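Dropping the structures in below, format is structure tokens.
Two complexes are shown next, each including chain A; its partner changes from chain B in the first to chain C in the second.
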Partner chain A sequence: MTGALLAIVSVIFFPGIILRVKSIASGRKGPGILQPWKNIILLFRKSSVFSTTTSFIFRLAPAVYLATICCALLLLPFPGMPSLLGFEVDFILFAYLLALGKFMFILGALDTGSSFEGMGANRKALYSMLTEPAFFILFGTLVLLSGHLSMQEIFSHFQFAGEFSLITGAIAIYLLVQIAMIENSRMPVDDPKTHLELTMVHEVMILDYSGVDLALIQTGTNLKFVLYGGLIANLILPVNGGWFAANVLLFFLVQAGFAAAIGLMESFRARKKLAKNPQFIVTLSSIALIAFIVVLLLTRNLLR
Partner chain B sequence: MEQFFIPAAVLCSFLILVLPGKVRFYFTLALTLFIICVTSIPAAIQLLAPFSATDLRPESAFAASLTSTNWIFKGYLGELHFTIDKLSSFFILITNFTVLTGILYSRGYLKAYENTKNPAQFALHYFSYTWLHFSMLAVLTLRDGLPFLIAWELMAVSSFMLILFEAEKRATLKTAVNYLVQMHIGFVLLLFAFLITESGTGQMSFDALPAYFANHSNIGLFLLFFAGFAVKAGFMPFHTWLPDAHPAAPSHVSGVMSGVMIKMGIYGIVRVLFSVQSDLFLIGWIILVVSAISGLMGVMLAITQHDLKKLLAYHSIENIGIIGMGLGLGTMGLALHNPILVLLGFSGGLLHVLNHSLFKSLLFFSSGSVYKIFHTGNLDQLGGVIHKMPRTSILFLFGAFAICGLPPLNGFISEVLIYLGLFNGLSTGSVYQSITLLLALIALTLIGGLAVFCFTKAFGVVFLGSPRKETQDGVAEVSSGMLFPQYLIAGMILLIGLLPMIFLNPLINLISVEFHLSPLPVLISLTGIFTKISLISLFLIILVSLLMIIRYLLLKSRKVEYGPTWGCGSLNTNSRQQYTGTSFADNFIEIAQPVLQSKEEYRSIREDEIFPSKRSFNMHPSDIVHSALNKATDFTMLVLKKLARLQTGNIRHYVLYAFIFILVIFVLLYLKLI
Partner chain C sequence: MIGKNPLVVPLVEIPIFDYTVFMDTIADLMKDESRHCVAYHVVPLHGKLRFFCCMASDHEKNIVLLSHEQNTSPLPVLPSLTAAHFLFHMYEREIWEQYGIQFIGHPWLKPVRVVEDYPFYSIEGDGVHEVGVGPIHAGIIEPGYFRFSCNGEKVMHLEIQLGFQHRGVEKLFLEKPSGIQRAVLAESIAGDTSVGHSIAHSQLMETLAGIISSPALQCERIIALELERIAVHIGDTAALCTDIAYQFGQVVNEALRTIVINTTQSWCGNRFGKGLVRTGGSYYPLKKDFILLLLANLKEVEERFGQITHEIFTNPSVLSRFEGIGKVSPHQAGMIGAVGMAARSSGVKRDIRWSHPFQAFRKTTYEPVTLHQGDAWARAMLRKLEVEKSIQLIGNLLSGHDFERMPAHPVYELTLPASSFALSLAEGWRGEIMQSAVTDEKGNIMNYKVKDPSFHNWMALTLAVRNQEISDFPLCNKSYNLSYCGHDL
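Entry: the complex of A and B
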């Protein structure tokens, strides 16, 4: 619960930091930190335009998308605090909740009957299908290293695995950042700033959304960032030996750092060709696989 | 009591053949209901009987009466022993439920055929349906080899008759014959397996298996049984009948066949697994690998399909794979003496049997409704069905969520059990075991992701968007008689999703009794896990409703506008420009082409073609096992055709053959070769 609340607090400044870093990197002054939220609040105040082709699926999809992300947030542990809703293999529920949100989101896009949105939906489905193994192998590695099955315990025991935790932690953070980027359709696979519908993924899927529904989707997307940021924070934050306030501060710092990293990555990195994306995503699974096998060999042969 | 009722019911089934049309359906329904009552009550008592493994002494008569209900029928040909134990009970209850929903659905579904089919065909259809039900129950309760095999054969023949309902279609006829042939290959394998059991122990029965396995090598006989049952279950190299037979049959039959009939293969495998005593690790490993391949290939091939029912049929192979992964995991647990792995693996696999029977029959029924109204199952010709058939669409979506294993529905529960087993096994045991389990884990996640891909395609293309082909007006939702059984199934799906422990308790009990394990630690930890999952699921449902209410309140006072879908600048969009099933699958097929071997058929635009002419694009899904089998049969046919030249029809040639034959014999005799 603590993790969820803190993540929700950090979502206030998260998208603003990304925007600000991007504008500074490109030599502009840029909008204020709260501008993205002002835009979303503006959308909440607006009325909607619906396509006549759409059905109730289109109207239901944003609510389900946001609700699944909120539920996944509930599972986010916080170091040093007992987790109320955590249980063994809660990361499976975590991943499948997000999958449910994506499922509805994809259907929402297909509901418009637009070929462009079909393309985006199709890409989204393919990329998220290819990303899932990376996430699960990563957690397999962490389970192996920590010997525990719930996120709370994985993260709290993981840091005591000696020098392995450092290298595994680095790989895990790299993978989580990349997975977050793909899940949110950001830079290496998709560019939120692109203007051509043919090459979009996320942006083309929300073409027909307006007003409240669009606001729900954007809220969800921002929450998804802090969700992954929260996982990364769990890998970094010290488990004990520190007071709660310091941990909270550190949590916000990690989130801000994550946002800044996204901003920098988006400023200095070109997006990949669409045809190269699957290859890139599968690479993440292979990295996770290598990490798993290294950890497996190390824990079985060197430690015992 | 059963001494009278069951033979009476069997005799009554023949009345279906002679009764007039109006009474026939109600009579069949009544008979089915009667059989369901007679068998479900002892099954439910067996399954729910509250006793734990610790106070069970298997040798005492009292314990025997607790572990099974026995019915013995004496006849002119000998005795028939029907035994209902916990495992049978579980499958009996699943079978009864699906058969019941199937028959309720069939009434509305078959109405469309009343003008084209004669009453005799209907009579035969319902007769075969009842006998499919009888034979499945018999398969589940008979332990002796010979009666079991006869019931197995009856099941194949009655389902063969059911597939043949639209026998005037050539493809259906071919499919049905193919089905019958393949079922007999499985039958022969099982016959051999039983004969080997008899030669080893002197008894041809499932009950003799423990004795056989105690004194002989386990792996050989198990593999023979496994192959025989795998043909029915549809494990990967043996699956080729399945994707053709399910679409060819009427939808309620597809639902029953895919929902429960193929599970008889799983039942057989589990029954044999309960007796296996050594080589357990290897056996578990083989089941796990075959299942993972079935699961992956099944869902990958499903993505390439153009026909809705064929797509669902390939998903049956996928789900059989998931079930098998659970069983394989449990068997590995037996080998490693890891009770947690045993309980999680077997209960995950068996719960998935129940889950799959529910959501797959729901999917077949709802896609049958689409077929009934639109007269096509082709993904690329449908579209926008949700506007005409909103209820059917919701039901299909419900099934799609469940089959993709998404929370809060039932598919998620069984997948969590298997995941839990996999992750549990990951951190204990040898390096090789960990790597095997990791590969299984990757397979399971990929299966989940691919299923999401496939069902976003299927639901998006068929139900959403706008119609790709003009339909006649007045197309409306199917009758509530057809919807009712689907609501029933959907209710069960939600119930398992939200309150899984009701169903898991007896299952865990069943497995722990069978393997003499203590169920309590696993039960306690599972209760904790599923309580939290249920809480979060409930929270999800509440949150979605809350957001929808907020959305409604915000939009209520505002002026909402409607217009065409944004065409990205083009004002002249039409429904044929929509993404089709083929285009949705295209980028996946590109990646997976080495395994899928789909064939594309198109002409590219030549350089000098300034004004391109009309052209077409075709994508033909292909199944590598299917094409390999086809190649083998084609080769055999070729050889046989060449040999047929000998058959000239000229009597003098035949005399010559006889003469050559005698000569050869003479020469061989002279040389003392024979």
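Entry: the complex of A and C
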């Protein structure tokens, strides 16, 4: 439960930090840290407008999207504290909860019947499909290294694998950051700032949403960031010997660092050509696979 | 009839050919690849339709003026020039739209500026779908409708429908009798090329009236023109960075553009140079203190622009977005009669500043920048190189600038010669700007024709996105940055 609560607390400053870092990197002062949430609260106070071509699926999608992410949050562990719903192989539920949300989100976009949204949905589906192996191979690696199956156990035993945990941890953090960027449709696969419908992935899918529904989606997207940030924090936070308070502080620092890293990544590079995105995403799976094989060889050696 | 830019000829001196002879002459002229048509339009004259055609040569630096005459009733049905020379396709469509003249053998006579019931080309087939964008777009751009026929993410064909901005500019030129109204109108043909269009206009009026502007005035006009070019090119570099989500390049270039347009503002009070170029004189002669400011600002812009373009053109993620995107081959560019930047980035050396020098360019030698790649990279790079060249050029012009003790004031009441045809060419930042007028027996303007470079170059965009990904369209579009209102008039 602690993990979920801390993640919800960190979501308050998370989008603000990204925005602020991007502003500073571009030589501007930037808005206050809470501005993104002020915008979302403003949306919550507005009513929604629905296109006449849409059905109940379109209206259902934002709620399901947010709900699945909230459920996934309940699986987020914290060192020394059990997650609310943790059980063996819970990372599979974790991945498919998010997938269910995306599925509904894609259906909602297709429901509008707009050629733009269809294009965005098509891209989103492809990227999600390609990201999935990377996530599972990564968790397979962690399972292999720690010898446990639930996320809580994986993370609490992961650090005892000696120097292997260092190298695997580095790869895992890299992969989780990239997966989070793809899942949230950020750079380099998508550009959240663009106004060009033809190049959009995520933004074009929410074109028809307004008011409360848009606010639900944006809340969900921000929560998804801290969800992945929480996983990264679990890799970094010391399991034993740390005080609870130090761990909490570290958790927030990791989230803030993650947000700052996103801001920097989005400031100093161009996004990829859309056709090259699948290639890039598949690379993540290959990296995960290499890590997996290396760990496999090493652990078998260790056993002998 | 052979002349030079700008051109003024009494109507009686223009040979009227039989249409078959006219066609043969055009075919002959078109054998020279450096020749392209700068104007082909109809003027109703003495109850008949008079067709004027101006063929400009890039190398021989001359303009050949031809004409033929047709009856108004019954309307003639003419063999199309487009069938053999594709670059006439827009001219013939325009003539068909305005006068109802049929051209046999034209691939598709479809409207240029009429937006109702537009006949779209559509591709049928498995997996082919259409994506329509516009006419109202996100952001602040002008209206225009794009219809893509796609197979998955691949664009098979792009159809561009324009005309939403049609204001009847050419007609307004006849309705507004005073010189100042016309000058303001010329500035508003395309808001981003106000200096370019007003130079073409002033030059046309001066040529007609026989006024020879002073060297200092000519020099100032070119400085204004190059300032406009620098500002727009830098702004476009920023916009290209925006489209590929390269924030760093975007913000730095946006700041630099502001320096340049603010410089223009401190010169004439308007950031886009409105009010700066006027017939026969100027309200804003260059003053010493402004020259110092101009030089200081340009020095700063040159230095910072050099740094940021170095960053842009060495950043791998940027290069991978620019290189090979939206290629237009030199052959294609020549075929569609591309002008200006669209031509030069595709290896066609076509620059009015060099081929048909106007104003102060008559006294300097300008060597155009040409790149052969024809992709988005070339169009971005061309901007960088042209900015550098323009800054140099302004420096050269200023060093030889002779201040006038008694600067001439603009002249709005002009006496124009009777029954004459005049043509003026200028190279705006986008490319060749053509303005042409015909006067009646009393010396009043009875026909005014404007051609913005976008008139031809929209076709280049269509070719650029063919077989590209649909998601690369915005980048291709921005790399050309064509004018909607300049096309729609």
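Throughout what follows, the second predicted complex is superposed on the first by the 300 of 304 C-alpha atoms of A that agree within 3 Å, B and C clash if a C-alpha of one lies under 4 Å from a C-alpha of the other, contacts with A are read in each partner's own complex, and residues count from 1 in each chain.
Keep in mind that, in the parts below, a contact is a pair of C-beta atoms (placed from the backbone, for glycine too) under 8 Å apart; a residue touches a chain by one contact, two chains touch by 3 or more.
All of these numbers come straight from a predicted model, not from anything done at the bench.
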Touched partner set for A:L175, first chain B, second chain C, both or neither: neither
Partner chain(s) touched by A:M119 [first = chain B, second = chain C, both, neither]: both
Touched partner set for A:L296, first chain B, second chain C, both or neither: first
Partner chain(s) touched by A:L75 [first = chain B, second = chain C, both, neither]: first
Which superposed partner A:L237 touches (first chain B, second chain C, both, neither): neither
Chain B versus chain C as contact partner of A:A99, first or second or both or neither: first
Touching partner for A:A25 - first (chain B), second (chain C), both, neither: second
Which superposed partner A:K193 touches (first chain B, second chain C, both, neither): second
Those residues of chain A which chain B touches in one complex and chain C touches in the other: 115-116, 119, 197
Chain B residues within the chain A interface of the complex: 383-384, 386-387, 390, 393, 397, 401, 404-407, 412, 415-416, 419-420, 423-424, 426-427, 430-431, 434-435, 438, 441-442, 445-446, 448-450, 452-453, 455-457, 459-461, 464-466, 525, 528-529, 532-533, 535-536, 539-540, 543-544, 547-548, 551, 554-555, 558-568, 573, 575, 577-579, 583-584, 587-588, 591
For the chain C and chain A complex, residues of the former touching the latter: 129-133, 138-139, 153, 241-248, 250-252, 255, 315, 317-318, 320-321, 325, 469-475
List of chain A residues in touch with chain C within their complex: 22, 25-28, 115-116, 119, 187-188, 191, 193-199, 266-276
Chain B-facing residues of chain A, complex: 44, 46-57, 59-60, 62-64, 66-68, 70-71, 74-75, 85-90, 92-93, 96-97, 99-100, 102-103, 106-107, 110-119, 121-123, 125-126, 128-130, 132-133, 135-137, 140, 143-144, 147, 149, 197, 207-208, 211-213, 216, 278, 285, 289, 292-293, 296-297, 300
